[in-house]
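Next, two complexes with chain A in common: one pairs it with chain B, the other with chain C.
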Partner chain A sequence: MKSRHLRAQAASFCFILPALTVLALLLLYPVVTSIYYSFTSKHLIKTGYEFVFLQNYIAVLTDKEFWTSFLTNIKWTVTSLFFQILVGFFAALALERIGKGKSFFRTVLIIPWAFPSIVIALSWKWILNGVSGYLPNILVKLGICDAIPQFLSSSALAFPVLVMINVWFGAPLIMVNVLSALQTVPRDQYEAAQVDGASPLQSFLHITLPHIRIVMGLLIVLRTIWIFNSFDMIYLITGGGPAGLTQTVPIYAYNVGWGLKMLGRSSAVTVLLLIFLLLVCALYFRILDKWEKEA
Partner chain B sequence: MKKNRLLAALLAGLLLLSLLTGCGGNNTGNQTNNQANSSADQGDADAADSGELEGNIVFWHSFTQGPRMEKIQAAADEFMELHPKVNITIETFSWADFYTKWTTGLASGNVPDISSTIASQLVEMIDADAVIPLDDLIDEVGRDRFYENALREMTAEDGQCYGAPLYLNTEAMWYRKDLLEKYNLEVPETWEEMYEAAKIITDGENGAVYGAAMPMGTNDMLATRWLHLYVRSAGETLITEDGKANLTSPTAIEGIKYWVKVFEDCSPADAINYNTLDEATLYYQGKLAFDFNTGFHISGVETNRPDLMEYIDCAPIPRVSADDPAVGCETNTTPLVVWKNSEHPEICKEFIKFMYEEDRYVDFLLSVPVGMMSGIKGVTDSEVYQSNQTVQDFKHADEVLNQMLEGSTSIGMEYGPRAEAGLLTSQRVIEEMFQDIVMNGTAVEDAAKAAENQLNDLFSTVG
Partner chain C sequence: MGRKKLLRRGWFGSTVSYVYLSILAVIAAFPLVWILLSSVKSKSELAGDPTIFFPSHITFENFRIVFEQLNFGRNVGNSILVAGSTTLVAIAISALGAYGVVRFFPRFGKKLTRVLVTTYMFPPILLAVPYSIIMGKFGMMNSRIGLVVVYMSFSVPYAIWLLVGFFQTVPIDIEEAARIDGANKVQVFYKVVLPIVAPGIVAVAIYTFINAWNEFLYSLILINSSEKATVAVALKSLEGQEVLDWGVMMAASAVVVIPSVIFFMLIQKKIAGGLAAGAVK
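Presenting the complex of A and B:
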């Protein structure tokens, strides 16, 4: 019996071995290479490099620009994530209430996810253009603004506008997932609560939220990583400007690696980023584990 | 049950086998390739004996626009027809992708046999020992037929020339004739005249058209270019002869103040983030009176606003004083290079020579008339070139651009090719300096000093 079980396990393992091998290579190779290069003076073009031990880390951690970018990155991640969840969550609740056309609205609202980020970035850049962009011009024509608002070049507007674009892009994913989770909540629990005289808010807090919080938790983990590492949207729309106001750590790493060609130092930035994200994820997963145990 | 397990084990075995075969397949493939290579080597030897060219080469270029791409492909097809044992594979990338491709490909040997490039990248290629000298080719075509400055930019410290200039681009001041006429303005000859004209047009058009758009985007190098044009027109350079950054000389400070003034009084506020495409698009849309660009502006306007074609023209770069001579300030050379990894440099050189044959070369230049300027003197005097409709329509622009060509070089290459020039244009230090001045109100002198120090620190990494 035991040997039959072992044989079955071995057969299963053989099935997943090719995929595991590919996955391990794809995941491990870049991570190990980055860690290795972060201790060297590796240059993008020049051949030959030497071990510099912690020099790259010291250079990065003592660079004021790195810390400014890091703080901007935190601001970018927290605000984007907060509003994505808020908008996505309420959109899902609203969609759940709709009787007719649910799938139509779900399809329409997921559209931002169907476009490559380069298309989204360039489209928004065009929409918000301070000369010919139709949104700023409409605002002036409607008398809402006296002069054409400079969404992407004003020090007060550039960052919030980027966050708004990111929310527009990311909220639909939250919405679709939350909607799926909402549909798994047993109806009879709501009916029982209603019989017991629970208010809609009480039903939401004591039935809906506990059912969907694990899905929400996983979404938060994934979105935190994606938003923190996002590069293309910011780079294509503002390039990190104006005056470095929208420069995040990935753009900083890109400038160091591809601008200065200091691959070693750029790798140190990415390793630091990895450590930070691992710590954040560990914290998230701890909370998720607790929730799962409670469930 | 037993059958299922047997089937499962069989499938798993097959999967593993396919994986191993996949890996093994490479070996087999390599062997086949090796055999093919050794036969090719043998073939090369035979071909060399018979003087016949034989082999496969890969050509990377960045001529992504339709007509230019077609001309290059047609030339390659013709070459292959002439040399049946030669196969040319063409791969096209944008300039940005090209840089990424060759820098990352260098370590793994994944570079082409022949490619186009730009002067600042060529310095890096020479520095990385990635390309081979082309002096024999230059001499065969005729060294004195090439523009001296273009060849100088391709020549390394060892005295060898590593690039064959395919075409040149010269910067000039582009303007709108109809707008100047509307406001009764003359074509500006000095920077101050340009500012005044731009301000009159900006004020008069009330946001419909801007006089100029001083571009400061940190994902491009246009602010560096515009400052360079000012400084160069006054006879100075942004990199001194001894390889130091110059942002604090009286002329450079004047130039920075001038462009800040143009930004504040004549530009859309969005120009703080503008890159090349944003800037050019504004001109193509007819929303800009003055711009600094090459003859490529003609094809851009033709594509986007053909109705404006009769109103655009270019003039020499303005000067600080009207008494100063009108000088060319920036010419960028696009050379072809042969990579050291190439197994068939003889085919590459033969193909480049083939490209320079007059009829074919003129045909290539005419794929962007007036935009791509000849790397070889006298070629554009030919009847075919001169009878082109765009060349005839923009005769004045062509003359101005040719006038600006004389004596001008790429930014930072005034004293020969140097790695510092690449850093000056790629590190966005000047763009950040301008943004700091206009966004944070930093004093021009302080921002210039800080940027100069930053550049000198960067220069020390390649010195």
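Presenting the complex of A and C:
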């Protein structure tokens, strides 16, 4: 009897074994080796390397460029996330409200989500091109700008424009998830509130928000991580320029690892990045836990 | 008196909603429209007044250059191969895993969201360093199989997350009835559960394919010959040319982005609820 039970257990375990293997080999193991290499002088091309203890961390933490990148990264994440949520949330509310054309708008609005990062980069670079881009030229033609604005190479515009492109890309995901969260709000509560004479704003604040806040919370956690880690978009659009103004930590790590070819030091940068994200997420999860208990 | 009626109270709100959505729709669709229009404009037209919206005549010269001179078809083939293999392997692993968690390890399932969020936290740029070292060690640098292996790192967690929601909708009674009829766990999975969740699995498979098709960083780091390059990296290399030909770049972009957009539109309704469902549990 006991051996049958054990065999059943083993069969159940076989279902999740491949997935666990992937997680262990492709996520856990690389993170451990990254931590290991962060204490060595590992080079991209040279074969030999030695243990250098904290030297990489000291080099990174005393590098002014690292801290500038870190601040840029926080600015990038906070502004992108704020505007993505603002645009996406109101788009979801607007979609909930309209009757005809809901499915049309929904389908058109998610287009950016499907864009590969390289196509995001090329298409926006072409639209904003400082010589023959559509948008800069139309702004001049309409008399809004005197000279052709250099959206991606001017030090005043590059960062905000990059954030706007990120909002264009990320708002649809927020919209779609808020929209499906809105469907989970029980409708009888709205009816009860209306009978009690609640205004739409009151029912929004006291019924809608409390119901969707856990989904929103998780969404914010995921988006924070994703935007903080995002490499492609910045690398492909500005490459961190002009003059390092849009350089975030992932770009800095790439430049150290593949530009300077110092993989050990690059690992130290990414380990610091991971530690920071772990701290931020621990904080988020404490808040989410509290909400879940209240719910 | 339903929620819909309540939310739709007043014409003012609806009008504002329509105006807001229309503005967003124009912004959302503009890059795609501009890619398509630019890709069929002639060289002289692209060099002319950039504010002229529609092409005066349509030419497919740019597409001809993309496929005949740049041999982009080869890169499309690479991407189909890599993204297709990634999808097949990832879905097999994830379907088993998601079902296993839902049915046999429900207590672990409650923590699954956290585990998957944690995997999401590892910066791709952090993983890129050990991947390039490990692939070098096993002689899998510049190998499409190596790329498929690396793509599991994001495909499997994503797919499990989405699939868990679909497997949870399968009523356990049906499975128990099959068990009483003498089917074992594996038979129940193949003959009873899979057919029920098949539409969900197809949607997740398409999503996995799009993500692999769109991927850039690992492909950039692990593949270093243009023969084996995926579409994303091949597109990037067009930008490195001395004379930038935007017509050609937009034609190649169109080839890459159109399948993504079409497939995504087909599955978006099925995928969208996934995150919310995962969070509500």
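One rule holds in what follows: the second predicted complex is superposed on the first by the 284 of 295 C-alpha atoms of A that agree within 3 Å, B and C clash if a C-alpha of one lies under 4 Å from a C-alpha of the other, contacts with A are read in each partner's own complex, and residues count from 1 in each chain.
The working rule: a residue touches a chain if its C-beta (ideal position, glycine included) is under 8 Å from a C-beta of that chain, and two chains touch if they have at least 3 such contacts.
Since this is a predicted model, take the numbers as computed values, not measurements.
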{"item": "Chain C versus chain B on the shared chain A, clash or fit after superposition", "value": "clash"}
{"item": "Chain A residues touched by each partner, larger count belonging to chain B or chain C", "value": "C"}
{"item": "Which of chain B and chain C A:Gly170 touches, first, second, both or neither", "value": "neither"}
{"item": "First (chain B), second (chain C), both or neither touched by A:Ala11", "value": "both"}
{"item": "First (chain B), second (chain C), both or neither touched by A:Ser132", "value": "both"}
{"item": "Contact residues common to both interfaces of chain A (with chain B and with chain C)", "value": "8, 11, 14-15, 18, 129, 132, 258"}
{"item": "Chain A contact footprint on chain B (complex, rising order)", "value": "5, 8-9, 11-13, 15-16, 18-19, 100, 103-104, 106-107, 124, 127-129, 207, 210, 216-220, 268-273, 275, 282, 285, 287, 426-428, 431-432, 435-436, 439-440, 458, 461"}
{"item": "Residues of chain A touching chain C in the complex", "value": "8, 11-16, 18-20, 22-23, 26-27, 29-31, 33-34, 37, 42, 87, 90-91, 93-99, 101, 105-120, 122-124, 126-127, 129, 132-134, 137-138, 141, 168, 171-172, 176-177, 179-181, 184-185, 187, 190-191, 194, 200, 203, 214-215, 217-219, 221-222, 225-226, 228-229, 231-232, 236, 250, 253-254, 257-258, 263, 266-267, 270-271, 273-274, 277-278, 281, 285"}
{"item": "Chain B-facing residues of chain A, complex", "value": "7-8, 11, 14-15, 17-18, 21, 44-47, 129-132, 148, 150, 152-155, 235, 238-245, 255, 258-261"}
{"item": "Chain C - residues contacting chain A, complex", "value": "1-4, 6-9, 13-14, 16-18, 20-21, 24-25, 27-32, 34-35, 38, 46-47, 49-51, 92-94, 96-101, 103-105, 113-115, 117-131, 133-134, 149-150, 152-153, 156-157, 160, 184-186, 189, 210, 213-217, 221, 231-233, 235-236, 239, 246, 249-250, 253, 256-257, 260-261, 263-265, 268, 272-273, 275-276, 278-280"}
